[in-house]
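See structure below.
Each chain carries a letter (A, B, C and D) given by its place in the written order, and its residues are counted from 1.
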(Lines give C-alpha, C1' and ligand atoms only; values in the text may rest on other atoms or scores of the structure.)
Protein backbone atom coordinates (compact mmCIF):
# COMPACT_ATOMS: atom_id res chain seq x y z
CA UNK A 1 0.00 0.00 0.00
CA UNK A 2 1.23 3.47 -0.90
CA UNK A 3 0.66 6.48 1.36
CA UNK A 4 -0.87 9.24 -0.74
CA UNK A 5 -0.99 12.77 0.70
CA UNK A 6 -3.16 15.53 -0.75
CA UNK A 7 -2.13 19.03 0.33
CA UNK A 8 -3.91 22.36 0.11
CA UNK A 9 -6.85 22.51 -2.28
CA UNK A 10 -6.14 18.96 -3.49
CA UNK A 11 -7.35 17.70 -0.10
CA UNK A 12 -10.77 19.11 -0.97
CA UNK A 13 -10.63 17.50 -4.42
CA UNK A 14 -9.61 14.10 -3.01
CA UNK A 15 -12.06 14.34 -0.12
CA UNK A 16 -9.24 13.53 2.32
CA UNK A 17 -5.77 14.73 3.28
CA UNK A 18 -4.17 11.29 3.27
CA UNK A 19 -5.02 7.74 2.42
CA UNK A 20 -3.47 4.35 1.79
CA UNK A 21 -3.99 3.15 -1.75
CA UNK A 22 -3.31 0.00 -3.69
CA UNK A 23 -1.83 1.41 -6.85
CA UNK A 24 -2.38 -0.86 -9.86
CA UNK A 25 0.77 -2.65 -10.98
CA UNK A 26 0.53 -0.93 -14.37
CA UNK A 27 1.10 2.50 -12.75
CA UNK A 28 4.87 2.72 -12.40
CA UNK A 29 5.66 6.44 -12.54
CA UNK A 30 4.33 9.76 -11.27
CA UNK A 31 2.91 10.88 -14.62
CA UNK A 32 0.79 7.72 -14.85
CA UNK A 33 -0.23 8.11 -11.20
CA UNK A 34 -1.51 11.64 -11.86
CA UNK A 35 -3.63 10.43 -14.80
CA UNK A 36 -4.99 7.42 -12.94
CA UNK A 37 -5.87 9.37 -9.77
CA UNK A 38 -7.42 12.24 -11.72
CA UNK A 39 -9.90 9.74 -13.14
CA UNK A 40 -10.37 7.82 -9.85
CA UNK A 41 -11.14 11.06 -7.98
CA UNK A 42 -13.10 12.70 -10.80
CA UNK A 43 -10.72 15.60 -10.31
CA UNK A 44 -11.36 17.20 -13.70
CA UNK A 45 -7.65 17.77 -14.33
CA UNK A 46 -6.67 19.08 -10.88
CA UNK A 47 -4.06 16.34 -10.46
CA UNK A 48 -2.59 17.03 -13.90
CA UNK A 49 -1.77 20.74 -13.44
CA UNK A 50 1.88 21.64 -14.01
CA UNK A 51 1.81 23.84 -10.87
CA UNK A 52 1.05 20.73 -8.79
CA UNK A 53 4.36 19.09 -7.88
CA UNK A 54 4.81 15.57 -6.61
CA UNK A 55 7.08 14.46 -3.81
CA UNK A 56 8.11 10.83 -3.52
CA UNK A 57 9.30 9.86 -0.05
CA UNK A 58 9.71 13.56 0.86
CA UNK A 59 11.75 14.46 -2.23
CA UNK A 60 10.21 16.67 -4.90
CA UNK A 61 10.54 14.91 -8.23
CA UNK A 62 10.17 15.72 -11.93
CA UNK A 63 7.64 13.73 -13.96
CA UNK A 64 7.87 10.96 -14.92
CA UNK A 65 9.56 9.62 -11.78
CA UNK A 66 9.43 5.89 -10.89
CA UNK A 67 7.20 4.90 -7.98
CA UNK A 68 7.04 1.75 -5.87
CA UNK A 69 3.97 0.23 -4.23
CA UNK A 70 4.99 1.29 -0.70
CA UNK A 71 6.12 4.87 -1.41
CA UNK A 72 4.82 7.97 0.33
CA UNK A 73 3.64 10.22 -2.49
CA UNK A 74 2.50 13.79 -1.89
CA UNK A 75 0.50 15.99 -4.25
CA UNK A 76 1.65 19.54 -3.64
CA UNK A 77 -0.14 22.54 -5.15
CA UNK A 78 1.76 25.87 -5.03
CA UNK A 79 3.20 26.43 -1.56
CA UNK A 80 3.44 29.59 0.50
CA UNK A 81 3.38 30.52 4.17
CA UNK A 82 3.82 33.72 6.18
CA UNK B 1 24.41 88.91 23.65
CA UNK B 2 24.16 86.07 21.16
CA UNK B 3 23.81 82.41 22.19
CA UNK B 4 26.46 80.41 20.39
CA UNK B 5 26.18 76.61 20.38
CA UNK B 6 29.04 74.30 19.40
CA UNK B 7 27.97 70.77 18.56
CA UNK B 8 29.92 67.57 18.13
CA UNK B 9 33.67 67.95 17.69
CA UNK B 10 33.33 71.76 17.58
CA UNK B 11 32.52 71.70 21.29
CA UNK B 12 36.04 70.34 21.86
CA UNK B 13 37.50 73.01 19.59
CA UNK B 14 35.58 75.83 21.33
CA UNK B 15 36.25 74.40 24.79
CA UNK B 16 32.52 74.58 25.60
CA UNK B 17 29.18 73.44 24.19
CA UNK B 18 27.47 76.80 24.54
CA UNK B 19 28.29 80.38 25.48
CA UNK B 20 26.93 83.91 25.38
CA UNK B 21 29.03 86.19 23.20
CA UNK B 22 29.13 89.86 22.38
CA UNK B 23 29.58 89.73 18.65
CA UNK B 24 31.35 92.82 17.30
CA UNK B 25 29.02 95.19 15.42
CA UNK B 26 31.12 94.70 12.28
CA UNK B 27 30.15 91.00 12.13
CA UNK B 28 26.75 91.02 10.42
CA UNK B 29 26.52 87.68 8.66
CA UNK B 30 27.33 84.00 9.21
CA UNK B 31 30.34 83.97 6.88
CA UNK B 32 31.97 86.80 8.83
CA UNK B 33 31.06 85.11 12.12
CA UNK B 34 32.83 81.89 11.05
CA UNK B 35 36.01 83.82 10.18
CA UNK B 36 35.93 85.89 13.38
CA UNK B 37 35.30 82.90 15.67
CA UNK B 38 37.89 80.74 13.94
CA UNK B 39 40.50 83.35 14.91
CA UNK B 40 39.05 83.98 18.41
CA UNK B 41 39.09 80.25 19.20
CA UNK B 42 42.36 79.51 17.38
CA UNK B 43 40.35 76.83 15.60
CA UNK B 44 42.75 76.45 12.69
CA UNK B 45 39.95 76.47 10.13
CA UNK B 46 37.53 74.11 11.93
CA UNK B 47 34.79 76.77 11.87
CA UNK B 48 35.31 77.42 8.16
CA UNK B 49 34.74 73.88 6.87
CA UNK B 50 32.00 73.57 4.26
CA UNK B 51 30.70 70.45 6.02
CA UNK B 52 29.98 72.58 9.13
CA UNK B 53 26.53 74.09 8.74
CA UNK B 54 25.16 77.01 10.71
CA UNK B 55 21.68 77.31 12.16
CA UNK B 56 20.31 80.71 13.11
CA UNK B 57 17.45 80.51 15.59
CA UNK B 58 17.03 76.81 14.85
CA UNK B 59 16.91 77.19 11.07
CA UNK B 60 19.78 75.88 8.97
CA UNK B 61 20.99 78.72 6.75
CA UNK B 62 23.24 79.17 3.73
CA UNK B 63 26.27 81.49 4.08
CA UNK B 64 26.26 84.43 4.14
CA UNK B 65 23.10 84.75 6.22
CA UNK B 66 22.39 87.95 8.24
CA UNK B 67 22.74 87.67 12.02
CA UNK B 68 21.50 89.90 14.84
CA UNK B 69 23.19 90.46 18.21
CA UNK B 70 20.61 88.38 20.13
CA UNK B 71 20.36 85.39 17.79
CA UNK B 72 20.91 81.76 18.79
CA UNK B 73 23.56 80.51 16.40
CA UNK B 74 24.59 76.85 16.24
CA UNK B 75 27.71 75.39 14.63
CA UNK B 76 26.77 71.97 13.31
CA UNK B 77 29.35 69.51 12.01
CA UNK B 78 28.00 66.52 10.00
CA UNK B 79 25.07 64.95 11.83
CA UNK B 80 24.11 61.31 12.27
CA UNK B 81 22.41 59.20 14.91
CA UNK B 82 21.29 55.56 15.19
CA UNK C 1 16.95 28.59 15.42
CA UNK C 2 13.78 27.51 13.65
CA UNK C 3 10.48 26.61 15.27
CA UNK C 4 7.19 25.42 13.80
CA UNK C 5 4.46 25.62 16.40
CA UNK C 6 0.74 24.87 16.51
CA UNK C 7 0.43 27.20 19.54
CA UNK C 8 0.21 31.00 19.68
CA UNK C 9 3.50 32.78 20.31
CA UNK C 10 4.51 36.32 21.24
CA UNK C 11 6.73 38.23 18.76
CA UNK C 12 7.82 40.69 21.44
CA UNK C 13 8.90 37.85 23.76
CA UNK C 14 10.69 36.30 20.79
CA UNK C 15 12.46 39.63 20.20
CA UNK C 16 13.42 39.87 23.88
CA UNK C 17 15.02 36.40 23.71
CA UNK C 18 16.66 37.23 20.41
CA UNK C 19 18.20 40.41 21.82
CA UNK C 20 19.97 38.35 24.47
CA UNK C 21 21.21 35.89 21.85
CA UNK C 22 22.29 38.70 19.49
CA UNK C 23 24.05 40.71 22.22
CA UNK C 24 26.75 42.83 20.65
CA UNK C 25 25.30 42.60 17.14
CA UNK C 26 24.77 46.28 16.38
CA UNK C 27 21.67 45.83 14.24
CA UNK C 28 18.57 43.69 14.72
CA UNK C 29 15.68 43.51 12.26
CA UNK C 30 12.45 41.71 13.02
CA UNK C 31 9.47 40.92 10.84
CA UNK C 32 6.11 39.88 12.23
CA UNK C 33 3.28 38.65 10.01
CA UNK C 34 -0.21 38.75 11.50
CA UNK C 35 -3.48 37.16 10.39
CA UNK C 36 -5.52 39.76 8.54
CA UNK C 37 -9.10 40.40 9.61
CA UNK C 38 -10.17 41.33 6.07
CA UNK C 39 -9.57 39.74 2.66
CA UNK C 40 -10.90 41.78 -0.21
CA UNK C 41 -14.34 42.75 1.06
CA UNK C 42 -14.85 39.74 3.34
CA UNK C 43 -14.27 39.43 7.07
CA UNK C 44 -11.71 36.77 7.89
CA UNK C 45 -12.70 34.46 10.73
CA UNK C 46 -9.46 32.54 10.77
CA UNK C 47 -6.67 30.80 8.96
CA UNK C 48 -5.41 27.24 8.73
CA UNK C 49 -1.78 26.50 7.89
CA UNK C 50 -0.82 23.05 6.73
CA UNK C 51 2.83 21.91 6.78
CA UNK C 52 4.51 18.74 5.50
CA UNK C 53 7.11 17.66 8.05
CA UNK C 54 10.02 17.29 7.81
CA UNK C 55 10.07 18.80 4.30
CA UNK C 56 8.82 22.15 5.62
CA UNK C 57 11.45 22.34 8.38
CA UNK C 58 14.25 21.14 6.07
CA UNK C 59 13.38 23.77 3.47
CA UNK C 60 13.41 26.57 6.04
CA UNK C 61 16.73 25.30 7.46
CA UNK C 62 18.18 25.44 3.96
CA UNK C 63 16.93 29.00 3.39
CA UNK C 64 18.40 30.04 6.75
CA UNK C 65 21.76 28.50 5.81
CA UNK C 66 21.56 30.33 2.48
CA UNK C 67 20.92 33.63 4.27
CA UNK C 68 23.91 33.05 6.57
CA UNK C 69 26.08 32.43 3.52
CA UNK C 70 24.92 35.59 1.74
CA UNK C 71 25.06 37.98 4.69
CA UNK C 72 27.32 38.21 7.77
CA UNK C 73 24.65 37.35 10.35
CA UNK C 74 25.47 36.83 14.00
CA UNK C 75 22.05 35.39 14.85
CA UNK C 76 18.88 34.27 13.12
CA UNK C 77 15.44 33.26 14.40
CA UNK C 78 12.37 31.97 12.59
CA UNK C 79 9.05 31.03 14.20
CA UNK C 80 6.14 29.87 12.05
CA UNK C 81 2.66 28.92 13.18
CA UNK C 82 0.83 25.88 11.86
CA UNK C 83 -2.77 24.74 12.33
CA UNK C 84 -5.70 27.02 13.12
CA UNK C 85 -5.36 30.66 14.13
CA UNK C 86 -7.61 33.69 14.50
CA UNK C 87 -7.43 37.26 13.17
CA UNK C 88 -4.58 39.39 14.57
CA UNK C 89 -2.62 36.35 15.73
CA UNK C 90 1.03 36.20 14.65
CA UNK C 91 1.71 33.70 11.84
CA UNK C 92 5.40 34.29 11.37
CA UNK C 93 8.35 35.95 13.09
CA UNK C 94 11.76 36.41 11.53
CA UNK C 95 14.67 38.13 13.27
CA UNK C 96 18.18 38.74 11.96
CA UNK C 97 21.20 40.26 13.67
CA UNK C 98 24.37 41.63 12.13
CA UNK C 99 27.08 44.21 12.64
CA UNK C 100 25.68 45.90 9.51
CA UNK C 101 22.14 47.18 9.26
CA UNK C 102 21.84 46.54 5.50
CA UNK C 103 22.76 42.89 6.04
CA UNK C 104 20.11 42.53 8.77
CA UNK C 105 17.44 44.22 6.61
CA UNK C 106 18.23 42.27 3.46
CA UNK C 107 18.45 38.90 5.19
CA UNK C 108 15.07 39.36 6.91
CA UNK C 109 13.53 40.50 3.63
CA UNK C 110 15.04 37.50 1.81
CA UNK C 111 13.79 35.02 4.41
CA UNK C 112 10.28 36.47 4.28
CA UNK C 113 10.25 36.15 0.49
CA UNK C 114 11.28 32.51 0.91
CA UNK C 115 8.59 31.87 3.51
CA UNK C 116 5.90 33.51 1.35
CA UNK C 117 6.62 31.68 -1.90
CA UNK C 118 8.80 28.63 -1.33
CA UNK C 119 8.26 27.40 2.20
CA UNK C 120 6.19 24.23 2.21
CA UNK C 121 2.91 25.50 3.65
CA UNK C 122 -0.63 25.63 2.41
CA UNK C 123 -2.88 28.34 3.73
CA UNK C 124 -6.65 28.31 4.00
CA UNK C 125 -8.70 31.35 4.87
CA UNK C 126 -12.08 31.06 6.57
CA UNK C 127 -14.55 33.81 5.77
CA UNK C 128 -18.29 34.24 6.20
CA UNK C 129 -18.71 33.64 2.48
CA UNK C 130 -16.69 30.42 2.44
CA UNK C 131 -13.24 28.94 2.80
CA UNK C 132 -10.51 29.24 0.22
CA UNK C 133 -6.96 28.05 -0.25
CA UNK C 134 -4.59 30.95 -0.79
CA UNK C 135 -1.65 30.66 -3.15
CA UNK C 136 1.13 33.26 -3.55
CA UNK C 137 0.34 36.32 -5.67
CA UNK C 138 2.36 37.32 -8.75
CA UNK C 139 3.85 40.09 -6.58
CA UNK C 140 5.14 37.53 -4.08
CA UNK C 141 6.91 35.62 -6.84
CA UNK C 142 8.49 38.77 -8.31
CA UNK C 143 9.64 39.86 -4.82
CA UNK C 144 11.21 36.45 -4.38
CA UNK C 145 12.93 36.58 -7.80
CA UNK C 146 14.92 39.63 -6.62
CA UNK C 147 17.28 37.32 -4.76
CA UNK C 148 18.59 35.26 -7.64
CA UNK C 149 22.28 36.05 -7.81
CA UNK C 150 22.11 38.01 -11.08
CA UNK C 151 19.16 40.12 -10.07
CA UNK C 152 20.75 40.85 -6.73
CA UNK C 153 23.80 42.31 -8.43
CA UNK C 154 21.65 44.42 -10.76
CA UNK C 155 19.73 45.57 -7.72
CA UNK C 156 22.89 46.46 -5.77
CA UNK C 157 24.26 48.43 -8.69
CA UNK C 158 21.04 50.33 -9.14
CA UNK C 159 20.84 51.07 -5.46
CA UNK C 160 24.30 52.36 -4.98
CA UNK C 161 24.81 54.43 -8.07
CA UNK D 1 4.93 58.46 17.64
CA UNK D 2 8.42 59.78 18.22
CA UNK D 3 10.36 59.76 21.48
CA UNK D 4 13.81 61.05 22.36
CA UNK D 5 14.86 59.74 25.73
CA UNK D 6 17.93 60.04 27.95
CA UNK D 7 16.89 56.81 29.75
CA UNK D 8 17.37 53.19 28.68
CA UNK D 9 14.39 51.61 26.91
CA UNK D 10 13.39 48.08 25.94
CA UNK D 11 12.92 47.34 22.22
CA UNK D 12 10.88 44.23 22.97
CA UNK D 13 8.50 46.22 25.21
CA UNK D 14 8.31 48.83 22.48
CA UNK D 15 7.41 46.08 19.99
CA UNK D 16 4.74 44.71 22.35
CA UNK D 17 3.14 48.17 22.58
CA UNK D 18 3.47 48.66 18.84
CA UNK D 19 1.74 45.34 18.11
CA UNK D 20 -1.32 46.56 20.03
CA UNK D 21 -1.30 49.86 18.17
CA UNK D 22 -0.78 48.14 14.80
CA UNK D 23 -3.49 45.52 15.39
CA UNK D 24 -4.81 44.30 12.05
CA UNK D 25 -1.81 45.55 10.09
CA UNK D 26 -0.62 42.30 8.53
CA UNK D 27 3.09 43.17 8.53
CA UNK D 28 5.31 44.71 11.20
CA UNK D 29 9.00 45.42 10.75
CA UNK D 30 11.24 46.56 13.59
CA UNK D 31 14.81 47.74 13.63
CA UNK D 32 16.91 47.94 16.78
CA UNK D 33 20.32 49.59 16.85
CA UNK D 34 22.60 48.65 19.75
CA UNK D 35 25.79 50.23 21.05
CA UNK D 36 28.74 48.23 19.75
CA UNK D 37 31.34 46.94 22.21
CA UNK D 38 34.11 47.17 19.58
CA UNK D 39 35.16 49.88 17.13
CA UNK D 40 37.95 48.82 14.82
CA UNK D 41 40.34 47.15 17.23
CA UNK D 42 39.37 49.16 20.32
CA UNK D 43 36.96 48.23 23.10
CA UNK D 44 34.09 50.69 23.36
CA UNK D 45 33.29 51.80 26.92
CA UNK D 46 30.30 53.87 25.93
CA UNK D 47 28.65 56.36 23.67
CA UNK D 48 27.34 59.90 24.06
CA UNK D 49 24.58 61.20 21.82
CA UNK D 50 24.01 64.90 21.58
CA UNK D 51 20.74 66.31 20.17
CA UNK D 52 19.63 69.86 19.37
CA UNK D 53 16.02 70.25 20.46
CA UNK D 54 13.60 70.96 18.92
CA UNK D 55 15.47 70.73 15.62
CA UNK D 56 16.21 67.03 16.16
CA UNK D 57 12.57 66.17 16.93
CA UNK D 58 11.22 68.34 14.11
CA UNK D 59 13.52 66.68 11.57
CA UNK D 60 12.48 63.19 12.66
CA UNK D 61 8.80 64.20 12.54
CA UNK D 62 9.31 65.39 8.99
CA UNK D 63 11.02 62.14 7.96
CA UNK D 64 8.15 60.17 9.54
CA UNK D 65 5.59 62.25 7.62
CA UNK D 66 7.63 61.64 4.46
CA UNK D 67 7.59 57.87 5.09
CA UNK D 68 3.82 57.93 5.60
CA UNK D 69 3.42 59.72 2.29
CA UNK D 70 5.62 57.26 0.39
CA UNK D 71 4.23 54.04 1.86
CA UNK D 72 0.76 53.00 3.10
CA UNK D 73 1.68 52.68 6.79
CA UNK D 74 -0.90 52.02 9.46
CA UNK D 75 1.46 52.77 12.35
CA UNK D 76 4.95 54.10 12.95
CA UNK D 77 7.16 54.27 16.04
CA UNK D 78 10.59 55.82 16.58
CA UNK D 79 12.54 55.83 19.85
CA UNK D 80 16.02 57.37 19.99
CA UNK D 81 18.35 57.56 22.97
CA UNK D 82 20.27 60.69 23.87
CA UNK D 83 23.03 61.27 26.44
CA UNK D 84 25.35 58.59 27.77
CA UNK D 85 24.92 54.88 27.19
CA UNK D 86 26.97 51.72 27.56
CA UNK D 87 27.82 48.82 25.24
CA UNK D 88 24.88 46.61 24.18
CA UNK D 89 22.30 49.26 25.15
CA UNK D 90 19.67 50.09 22.50
CA UNK D 91 20.28 53.44 20.77
CA UNK D 92 17.40 53.42 18.34
CA UNK D 93 14.17 51.55 17.67
CA UNK D 94 12.07 51.97 14.54
CA UNK D 95 8.86 50.04 13.88
CA UNK D 96 6.57 50.23 10.86
CA UNK D 97 3.24 48.52 10.19
CA UNK D 98 1.42 48.07 6.91
CA UNK D 99 -0.90 45.72 5.07
CA UNK D 100 2.03 45.08 2.71
CA UNK D 101 5.31 43.62 3.86
CA UNK D 102 7.39 45.45 1.23
CA UNK D 103 6.00 48.78 2.46
CA UNK D 104 6.86 47.95 6.08
CA UNK D 105 10.41 46.85 5.14
CA UNK D 106 11.13 49.81 2.89
CA UNK D 107 9.75 52.41 5.28
CA UNK D 108 11.83 51.07 8.20
CA UNK D 109 14.92 50.96 5.98
CA UNK D 110 14.25 54.54 4.78
CA UNK D 111 13.78 55.85 8.32
CA UNK D 112 17.01 54.21 9.50
CA UNK D 113 18.91 55.80 6.61
CA UNK D 114 17.47 59.17 7.65
CA UNK D 115 18.41 58.62 11.29
CA UNK D 116 21.96 57.57 10.37
CA UNK D 117 22.81 60.47 8.05
CA UNK D 118 20.35 63.33 8.44
CA UNK D 119 18.91 63.24 11.95
CA UNK D 120 20.38 66.01 14.08
CA UNK D 121 22.60 64.00 16.43
CA UNK D 122 26.28 64.00 17.20
CA UNK D 123 27.79 60.80 18.44
CA UNK D 124 30.90 60.39 20.57
CA UNK D 125 32.52 57.05 21.27
CA UNK D 126 34.53 56.45 24.43
CA UNK D 127 37.33 53.91 24.12
CA UNK D 128 40.35 53.00 26.21
CA UNK D 129 42.54 54.78 23.67
CA UNK D 130 40.50 58.00 23.72
CA UNK D 131 37.23 59.59 22.74
CA UNK D 132 36.22 60.42 19.21
CA UNK D 133 33.29 62.02 17.46
CA UNK D 134 31.79 59.73 14.84
CA UNK D 135 30.43 61.08 11.59
CA UNK D 136 28.51 59.04 8.98
CA UNK D 137 30.53 56.82 6.64
CA UNK D 138 30.44 57.11 2.84
CA UNK D 139 28.35 53.92 2.87
CA UNK D 140 25.73 55.60 5.09
CA UNK D 141 25.41 58.49 2.64
CA UNK D 142 25.10 56.18 -0.39
CA UNK D 143 22.46 54.09 1.43
CA UNK D 144 20.55 57.27 2.15
CA UNK D 145 20.81 58.48 -1.47
CA UNK D 146 18.80 55.43 -2.57
CA UNK D 147 15.63 57.17 -1.51
CA UNK D 148 15.73 60.22 -3.74
CA UNK D 149 12.73 59.90 -6.00
CA UNK D 150 14.69 59.11 -9.16
CA UNK D 151 16.91 56.50 -7.57
CA UNK D 152 13.92 54.88 -5.97
CA UNK D 153 12.29 54.36 -9.35
CA UNK D 154 15.50 52.99 -10.83
CA UNK D 155 15.72 50.70 -7.84
CA UNK D 156 12.14 49.49 -8.20
CA UNK D 157 12.62 48.76 -11.88
CA UNK D 158 15.81 46.84 -11.24
CA UNK D 159 14.19 44.90 -8.46
CA UNK D 160 11.06 43.88 -10.27
CA UNK D 161 12.36 43.05 -13.68
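The criterion applied here is as follows: a contact is a pair of C-beta atoms (placed from the backbone, for glycine too) under 8 Å apart; a residue touches a chain by one contact, two chains touch by 3 or more.
Note that the structure is a prediction, hence the values are computed from the model and not measured.
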Chain D omitted: connectivity of the other chains: A, C | B
Chain located farthest away, centre of chain D as origin (C-alpha): A
Distance from chain D to chain B - Cα centre to Cα centre, in angstrom: 28
Chain centre separation in whole Å, for chain B relative to chain A (CA means): 76
Approximate Å spacing (C-alpha centroids) for the pair chain B, chain C: 49
Chain A, residues touching no fewer than two other chains: 82
Chain C, residues touching no fewer than two other chains: 33, 101, 112, 116
Set of all touching chain pairs, with the criterion as stated earlier: A-C, B-D, C-D
Complex contact set, residues of chain D against chain C: 10-13, 15-16, 19, 23-34, 36-38, 87-88, 99, 101-102, 104-105, 108-109, 112, 116, 142-143, 146, 151, 154-155, 157-161
Chain D residues touching chain B - in the complex, by the definition given at the top: 33, 49-50, 52, 54-55, 80, 91-92, 112, 115-124, 133-136, 140
Chain C partner contacts - residues on chain A that touch it in the complex: 5, 7-9, 11-12, 17, 55, 58, 74, 76-82
